[in-house]
Amino acid sequence: MRFGLSSEQETFRDQLRRLLNERSPLERVREVAAGGSGYDERLWTGLAEIGAMGVLVPEEYGGLGMGAFDAGLVLEELGRFTAPAPYLGTAFVAPLVLSESGSNMLAAEWLPRIAGGEARIGLALAEAVGARAGAGVRNEHGRLSGTALMALEAGTADAFITAAGGELWLVRSESAGLTCTAMTSIDRTRALAELRFDGVEAEPLAGGKALTRRALDLARVALAADTVGAADAMFEQATAYSKQRVQFERVIGSFQGVKHALADMATALEPARALTWYALHMQTEMPGSTEAHRLACHAKAHLAEVGRMVARGATEVHGGMGFTDDLGLHFWFKRIGLDRQLLGSPEQIRAEAAAAMAA
Amino acid sequence: MDLSLDQRYLDFRDEVRSFIAANRGHAPPAVTFRDRVKPGPAEFAWQARLIEAGYAARTIPREYGGFGAEPDMLEQSIIAEEFSAAGVQGGLQGIGIIMLVPTLLEVGTPEQKARYIPKAITGEEWWCQGYSEPGSGSDLASLRTRGVLEGDEWVINGQKIWTSGAHYAQMMFCLVRTEPDAPKHRGISYLLIPMNTPGVTVSPLKTMTGRSEFNQVFFDDVRIPATNIVAGRGEGWKVANVTLKHERGGLGDPAKSIARFEGLLKLMKRETVDGSRAIDDPLLADRLMQLEAKVLALKFNNMRVLTADLEGNDPGLARLVTKYYGTVLNHEIDALAIDAMGELGVLYEDGEYLRDEGAWQAWYMHDLGLIIGGGSTNIQRNIIAERGLDLPREPKAVIPPQGMGGGTASGGRG
Amino acid sequence: MRFGLSSEQETFRDQLRRLLNERSPLERVREVAAGGSGYDERLWTGLAEIGAMGVLVPEEYGGLGMGAFDAGLVLEELGRFTAPAPYLGTAFVAPLVLSESGSNMLAAEWLPRIAGGEARIGLALAEAVGARAGAGVRNEHGRLSGTALMALEAGTADAFITAAGGELWLVRSESAGLTCTAMTSIDRTRALAELRFDGVEAEPLAGGKALTRRALDLARVALAADTVGAADAMFEQATAYSKQRVQFERVIGSFQGVKHALADMATALEPARALTWYALHMQTEMPGSTEAHRLACHAKAHLAEVGRMVARGATEVHGGMGFTDDLGLHFWFKRIGLDRQLLGSPEQIRAEAAAAMAA
Amino acid sequence: MDLSLDQRYLDFRDEVRSFIAANRGHAPPAVTFRDRVKPGPAEFAWQARLIEAGYAARTIPREYGGFGAEPDMLEQSIIAEEFSAAGVQGGLQGIGIIMLVPTLLEVGTPEQKARYIPKAITGEEWWCQGYSEPGSGSDLASLRTRGVLEGDEWVINGQKIWTSGAHYAQMMFCLVRTEPDAPKHRGISYLLIPMNTPGVTVSPLKTMTGRSEFNQVFFDDVRIPATNIVAGRGEGWKVANVTLKHERGGLGDPAKSIARFEGLLKLMKRETVDGSRAIDDPLLADRLMQLEAKVLALKFNNMRVLTADLEGNDPGLARLVTKYYGTVLNHEIDALAIDAMGELGVLYEDGEYLRDEGAWQAWYMHDLGLIIGGGSTNIQRNIIAERGLDLPREPKAVIPPQGMGGGTASGGRG
């Protein structure tokens, strides 16, 4: 029994960190964010080279056929570096959803390209959680019409996994009748878009509501993993800063006010990380189970709260510096802020979990 | 408990209302978060009209261009309420008017009053504040910008940060270390610096909001007349505390929280998920009500403070907690607005689905800046505990960044 | 304009404090609590002597005909001393509800006796907020049947104001068919009871649902005032203790951990007091208005939260001492705990306030 | 991440289950909050049976009456899980077994081991702990109970507090100041005191729960043999830290939080308002889910700690945060249970409408006591920050109760 990383996983994580340190330092994140595509070619290629793109792709399609916990390591590290890479949709949700949809044709077409870093897949799932501002996509005899807002990782996507009429569909970006308009958010490291469908041809993914829930579970636990990494990075920066910054002739980390704020962050973050790890693990250990669903709900909702608390607290420990653009702490702050809002508020997700438990 | 007003004040309220009704066409448009910019001719003209009517610079003596009324907190409060209720901008809120002018009235020389006050209250001469430095945030008195008297000039070198409006201000009131050998708090003087003096460089400071609400100001052998000092050498800390006393109605102002809350309420009646309004969601409604209770509590707390002021009493804790309570509350209001918008709550800058011009995200970040910037929550809590509860001050101790101990417990368990 | 106490009110409060200091010190509270009647004859007589009982009784009935804010001062001081006195039902809710019920007969019978300290009236309103454990009282042609739980200030009550069938009734304690069984709570300074009605004769109080809501508003704001006093007392004891208790060669009030905890309590409590004062004021300034109702809801719900936070925090500042029976801090802790639970949880009351606002 | 178990452990789990199924008839009844009383013959007999089977005193050497197995965290964890899942009481959890025995095994003399361990693990000789004193709560090392060596006897005078089980314990392990001239932490010795020694007086300490979960113990010229010392003179603080290391599975134990949460869940499915279940109330359900996430987080965090232990690694923060997290969480669970009962949540002691024997109110208070008692949240946060994050320790300063300053600000604002 081991709850944690194996030595192979530790090696893999070290490899990821080296790559990210080299290809996604803050100055590079800044450049890519200014563009707003949420995508960095050099980083993407690097991820493919170390095998990160194929973690969840079955071996028969050129991947590694590993578990969600392994892919979660990638997500956590991407969050730690606020790296612009549409990994969540492409390499975390898509391989499992496409494999499980039972369409060998789609799997054969996309999975090898995903593993090779040649394809990118966005997620248009927001309306499956709750349609805002009158949005929503209808299925009319296999053609989709309507609007999907906040489509995730949309910047350079070749296709979208789209929720419509209680089911999932694969929609290719170049399809006739599809318009993709970028939506600007606080977090410029991820590309969001409004998709307008006007009788767009789409390929159905067999699996009905269960597959839709599955896709949401995966995306939510992935967002939780991203938040773990990002919050950890902010917490570590705040801790380090508190040991260097002097006020009133003392390093500020010697004041109980600061000390206790950091202790509270650690106390929230450590168990939250374990919760997320287990939730990740369950996504491939007991895929689609009630238990996996429940854990995904808890991980997403809990990390939304812990993330907000750490983001605020770590900024505050930095004092005025934390508020400047120059320090760049706000890249993490905003990434955590985005993760929180996507695919269901904590309250909404807890209501889902409660409904299952109250029965 | 007597919340009724004398006839005199009821009349005054009517008078203010009539003025607003008759003159609102001249008021500059309401300011949104996006355009925190330099006031222009429209604002100055409006300010002149308000001063003439007695709704701005009300208690500034006539000889300095004010309206010359006796101080009356209740009148001030009626003016603020009526302008706010009407959604019409009141008098200019520059830091020169709020902080410098009352300070000069209290400790300035006759020459300084005559020279600076009239131009400050009209907005003709705009002021910025030079207090914070990169190395001295919560520990303001550790500031290092230094001034040396050479003949009849101060020669100033150093750097200030968090200076709002420095890019269009004509003047700065500034804390400068002029007595390097004196104890920390006694080595500081309060100097008045024309921003066009050679050697002053202003550079915008971009913040997490993506905007430049603040600046950095660099002083490189900046020379100003020796007379540009308020009170004596080394008395700057005392003068700054006089100034701080006047910093009212800004941070922790209930009117701001009330307006913010009303915006949130509107938003929650408007935003829908699957066709159902945010305000009809039990969990969001619960948070809304928690915040309304706090907004009301802040409002009535302020009435207690106002009552104490009117009667010349010290409102004690009721005043001390206001800033901490208000800034944290505003941040909570922003957070709920973002949550009520759900996914759309992260939108920013532009686009069809952006709500309220992205103000809520901007405020969420900016208010965090205010929580930090006006003295962090830790400093605020120290102030409440030490001044309000008479708890002992933090003991002096020197702990440098290097050579940390650690590894053993600070305390046992029992 | 004055938001606060007039000099007459200050004098009155000083008088109250002297009385309570003399007749309701902790050792006396302890004795009375051991009995469980929630009533102390000597204190009650004293309150009547200084006119506290008649504050809300109209002058024509021998009272002072003053405002709810004046009576709120008494409630706050009773909370400050955790004094066992059924003032809330008898002298706060009853005088206004009986006056407003329009029954001159009842008013003439009860109000002079209330003002004189000769009668006590309990409140059986819990089921108007939400019936627990199948309780509830029915009206059958003017006779009441069923169960009312958690009847408040029941120990020595001569009569109860009882909610049944959406209306209020006055039920005399000696009525045939009424059984009163004491219910033991954490707070032994107030007497609670289960009332069983078996075709009990009752006098209707005209006013329908509006009067029921009015009675609830009054009782709720009274509980808030009680909490203000009790929380203030705990906070003051904690502050004083923090200046005396030495650990690690320092008074503990010099540690930021303790200092900030106390500052947080002060920051919660000061504005909460102002909210409660205004809510009290509105009960007689605009009786029965939407505004008065809204304020009563907010005061009760907010003080429930602030009270819990202060009760916990002040106990913690006292360390182990706070946990002992000997120090007696727990009398306030329990009183605040009781106030919180009675007549609607914070969540329930906020939902009421929200429903009014959402319209 | 490999949560599967070797066949060996699967077999072991089966073995434990079989034992429980076959023997549960002998187990003493489950303990509720009301009866925190002295274990009696039923408990001792059950303990003997458990030791024999290897489910209590598992790793204690056979020569001292234990089962003599090699330490294996996973086995320990399986035993705890299975007994908890079956709702059957496991081995005795007295402080002698949990804290004294491992300490003696590590630093005791052969004679001490032989004399004390066998009787401690059977429960025949019950122990209590003499650490806290009225004047030394969080600052344990400031304790003042003093011991003087006179001939071949220690003469002890002073007072202990918060001593669970002192009224029926036969022995106490106790921290006593024996070297008054040594620095604070080096002046303490770890002594073993028979409770029937003349001069020992135990008096029950009533707490806010209305019960006497704790005692005060007074020492008045108490004479014990000079050999009743563990390790050397002045080494008591070090020994106590050895002991503290073994204080596991108590405070912050996830099994406790899980059991508490399950009780809450049952309660919320049972309690109704106007016929509707508490769990169907969106706001109560939301709080329930927030707590479930925390309970799960604590559970998985503990699996990380267990993994680290198994592999001989230091789990670092994951272990340090457990006590603070767990005790606060339990208190939050109690609070929600009280709220879910609404008005009935205040009932206590007796009566028809009392739920779960009033345990929730008792726990709500008792858990607050544990939050305070095992090192207040401030001490816990210091430990996390200083040991876990390597932040500098609190600087030394002396601030006596009298002569407080105050009145001026501790810091400026910028």
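The letters A, B, C and D name the chains in turn, as written, and every chain counts its residues from 1.
Everything that follows uses one rule, which is that contacts are C-beta pairs under 8 Å (C-beta built on N, C-alpha and C of every residue); 3 or more make two chains touch, one makes a residue touch a chain.
Quick caveat: nothing in here was measured; it's all calculated off a predicted structure.
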| item | value |
| --- | --- |
| Chain of greatest Cα-centre distance to subunit A | C |
| Intercentroid distance (Cα basis), subunit D paired with subunit B, Å | 50 |
| Gap in Å, rounded to a whole number, between the CA centres of subunit B and subunit A | 39 |
| Residue list for subunit A, restricted to those that touch at least two other chains | 243, 248, 250-251, 254-257, 260, 320, 347, 351 |
| Junction residues of subunit B - those touching two or more other chains | 132, 136-139, 162, 282-283, 286, 373, 378, 381-382, 386, 390-397, 399, 404, 410-411, 414 |
| Graph class of chain-chain contacts, one of line, ring, star, complete, other | complete |
| Touching residues on subunit A, where the partner in the complex is subunit D | 1-6, 9, 67, 69, 239, 242-243, 248, 250-251, 253-254, 256, 259-260, 262-264, 266-267, 270-272, 274-275, 277-278, 280-281, 285, 295, 297-299, 301-302, 305, 320, 347, 350-351, 353-354, 357-358 |
| Contacting residues of subunit D [partner subunit B, same complex] | 131-133, 136-141, 162, 237, 240, 244, 282-283, 286, 373-375, 379, 382-383, 386-387, 390-397, 399, 404-414 |
| Residues of subunit A touching subunit C in the complex | 255-257, 260 |
| Interface residues, subunit D side, partner subunit A - complex | 1-6, 9, 74, 265, 269, 277, 279-280, 282, 285-286, 288-290, 292-294, 296-298, 300-301, 303-304, 306-308, 310-311, 317-318, 320-321, 324-325, 378, 380-382, 384-386, 388-395, 410-411, 414 |
| Complex interface listing, subunit C residues touching subunit D | 126, 130-134, 149-150, 183-187, 192, 194, 243-251, 254-255, 257-258, 308, 312, 315-316, 319-326, 329-330, 333-334, 337-338, 341-343, 345, 347-348, 351 |
